[in-house]
């Protein structure tokens, strides 16, 4: 097949356009909700638009966005990774304790170590759920416990403190470049690279294929086990990265770091349009979902709405998102079917 | 049988292949050769082992015994990818596509055209796919998602997919089953073009007229073995059918004469949009009514709707004068209807549960007191029916998964007969069942009718329809096209109605 | 591929092999009982007890039985309906949040001077409504229960905070709280465990002896075939979610009485422990397989491990999590590997057979 022909402008009929529109509307919908939420909050409390407040918002969202990207890769293949928060804790403590004990270690080496640890955890999850034949829900529920337990054993009650961390490292967590927090630059880079890879590379497309119809993927010669394993390793690596960034951001790390994040991350992906049974969704959506959830939290805090509403709001939003997805999905499918039927008749 | 003694080495060859699933020997003896430029028919009744043979060639299953060769060299396909790498493309009965992805991407999956940096070239991917679809002469947009496509369109996508990697061997497992007349013609044009390019085609179909119009050679299978291999020019349709069936028709269809009783079930203008339209019929106690037609004519769907699995858009069903509520299987059962569904493994049985549990699934209420099951009665009912239907089994507590197809079907029948229904609908009652059990099932249905049961039998097997039915209803593209008495019904009248010819003649 | 006949807790006996079905003597029966998942768990419990006694002589004492079992009451209660739900191939992650909501509601009602009996009843009703909400979204809405209950996990916990914020109520009547950590008569059986025992028997009868239970297995093993057999699949699932809500709410009442504290933050993460117990107990996460007995044994095992580790001074309690996670994975991985080895052996045997026998072709060709 030729590889160098220039892309031709699309000749699309309404069916294709309709489907594409819906996909885009899905992400536009979140952007819309974000803007609306932001504007309303700013009107009620102008301090929300302060540089500090915005910076906090972005910082909070960044770690979740990175985790949500990894989670998306896994969910798209009809799997799930509940263990990300425990992996984050391991990697965060690893990076923190290494740099505390050996202040001379270069910062890049901390990233290599943290990501490496995440990849090892992801490999463990992936091997068990592909070659071991254990459902990923069970494997990662198990490692959610086991990795967290290992973190407790390892820290043995100790914690890493900000004072022992070098400034160069801490600056990563709190500094900014051209007004954008460094942490968010990491997140944006991760989202863009992952989004590009999922869209423009064979392996990325095959992840969707596996989640959309596993049997068809097998018949099409897709090496499902290997790719699912890859998704788990990448998800682990990103959790590892998030762990290093967690340490840089908060300075204080103990074995409870990130506890409970896993459900927020999955919620972010689902709110962002990633179908829990695979085949559908983008990392952009998931990252936007993470941003939306964080914004809700921040705006409720700044509006002094009792912080107690926060979790209920996130839960309600998540349910609203899946109900809407379902309604739109049913409509779209029947629209596409009618179009197909009319054309044949 | 005579092997083709040509000097050319076959592209694909299967030699004494065998395959079993648990206790079921699906393929006992598979020998077959495909040469360049040859269109070979693979024919046989349902359950003769054709699908198993296809799975071996496609690399979906591995041989238990025997040899497979490509270009004369031994091969062992351990995955579908290996088969595809050898140039073998399979188009399955059931399209296996990715509903969430675009048509173009479905065609290109795993072999996306690339540009610099190993990135996918979407433009080329879309254009290549569109070119293939245009070449097939279909108006189908390559950019739209597969979700929502009709089965016929999905089939076209499958064919385009096979064409896209210029397969040397094309295996088509009943590709025409869901296609309309013009679509079949279009497909044949493509098949002939492929043939001229030197590809080998293995064509599986139940429509003999298609086989005779497009194939050069034929392989006939029966009961898991290849029984005949010859040039189409040397065969007649009758000859082929005889080799497929391989037995005396009379012994197989022990239809007892019955006296037809009162009407039990009346279907009144049943309609389900885009599936079937305006279907009316009456079932009387003591008669076997066959619902005949081609695959995809909407017969199973009618049975499902009568039973309440699918909702009717219009029309209604009456049982003994009482109207059934729409879309409620439990109500249909309470009124005395039973349905032995088409897909035994998926719909008829819970494969992981024991024989006892499966048989009693429909009579739980009767076997319980205050909601608690009476284990003794459970076993008694299961044992009684196992005995009456001569079920061959080790233990009633073993999962039905380990039974042969015929015995599994007996379990399904048992679970419905345990309710002593007034109307029994059986959908392809003998599909995938060995000859001996087949006759048993026929004898059973016949006896039940004699005892006053009304039977509606959906069947694609013409001999079964003609041998068993007191009356034959024929469907074509969602409509009833003929109602034939036992005397009127023969191969010709039924086939004419099933292909819609009576309809056109009348119009 | 991933389903296999030797998965733990098969409701039926271990897979019968090809032809040697006849003549199952007492020895064979013993072997098959020993192969059952429940038996393995029982062995692990005994091993834990031996190890526990070695760790601390207090392990097998009355006090440690009482406290050990008390701490597990709520998880154990929630695991019962969860067992049934997972056997129908659904899941309910919101159980611990319903527990918290029930506890919070109990605190709020008591603060507003509602007497104890109506308070408890209202909590149970609230639990039923939570379950109904989950159930309707899953059955009528056709949404995956995993996604729905992740949502309600946050929602119900959030509502608990909305109800009473970070306040807590500790002044429940002593007659009630005494019951919460009291024993049945003079025995060493805590009242709350007695409640669990009664419910466990009810659920066991429901699942293994009733019409309802037969339907649950059928739905989990093959929902379509169950529907084709006239089973009201949606209604049964809806009922199960409601039961799950009620029992979780009951667990919320019990935990409040037992700790003499009702608050919104109770039972954080209990849902995962409950699921772990269910899976460890041999219930397939894909549905269709599992027993209440297995789950009860798994609960005992987890409680025993927890107690043994907490009594030890030299071993960190963090091992509890590591061991729980490892058991959970091992409980599915182990049988998988065994069945894979069996399959490989069977395949090798079949190949051997096929080569030994001459191909039977000639008789077929004589048409």
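Note that the chains are named A, B and C in the order they appear, and that numbering of residues resets to 1 at the start of each chain.
Going forward, a contact is a pair of C-beta atoms (placed from the backbone, for glycine too) under 8 Å apart; a residue touches a chain by one contact, two chains touch by 3 or more.
Remember, predicted model here, so these are calculated numbers, not experimental data.
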item	value
Arrangement of touching chains [line / ring / star / complete / other]	complete
Pair joined by the larger number of C-beta contacts - B-C, A-C	A-C
Far-end chain from chain A, centres as C-alpha averages	B
Distance between the centres, which are taken as Cα means, of chain B and chain A, whole angstrom	44
Whole-Å gap between the CA centroids of chain B and chain C	41
For chain A paired with chain C, centre-to-centre distance based on mean C-alpha positions, whole Å	30
Per-residue overlap in chain A, given as positions that touch at least 2 other chains	none
Partner chain A, residues of chain C touching it in the complex	1-2, 4, 137, 141-144, 146-148, 150-159, 161-162, 165-166, 264, 268-269, 272, 275-276, 279, 285-286, 316-329, 332-333, 336-337, 340
Partner chain B, residues of chain C touching it in the complex	5, 11-13, 15-16, 18, 21-22, 205, 209-215, 217-218, 221-222, 224-232, 288-289, 350-351, 354-355, 359-361, 364-365, 367
Touching residues (chain side chain A, partner chain B) in the complex	1-8, 10-13, 15-16, 19-20, 199-202, 205-206, 208-209, 211-213, 215-223, 279-280, 332-337, 339-341, 343-344
Chain B residues touching chain C - in the complex, by the definition given at the top	1, 16, 18, 20, 22-23, 28-29, 31, 64-66, 222-223, 225, 227-228, 243, 246, 309, 329-330, 332-333, 339, 341, 346-354, 357, 360-362, 364-365, 367-368, 371-373, 375, 394-395, 397-399, 401-402, 415
Chain A-touching residues of chain B, taken from the complex the two chains share	58, 60, 79-81, 84-85, 90, 92, 96-102, 105, 109-116, 118-124, 126-128, 130, 139, 141, 143-145, 147-150, 152-153, 180, 274
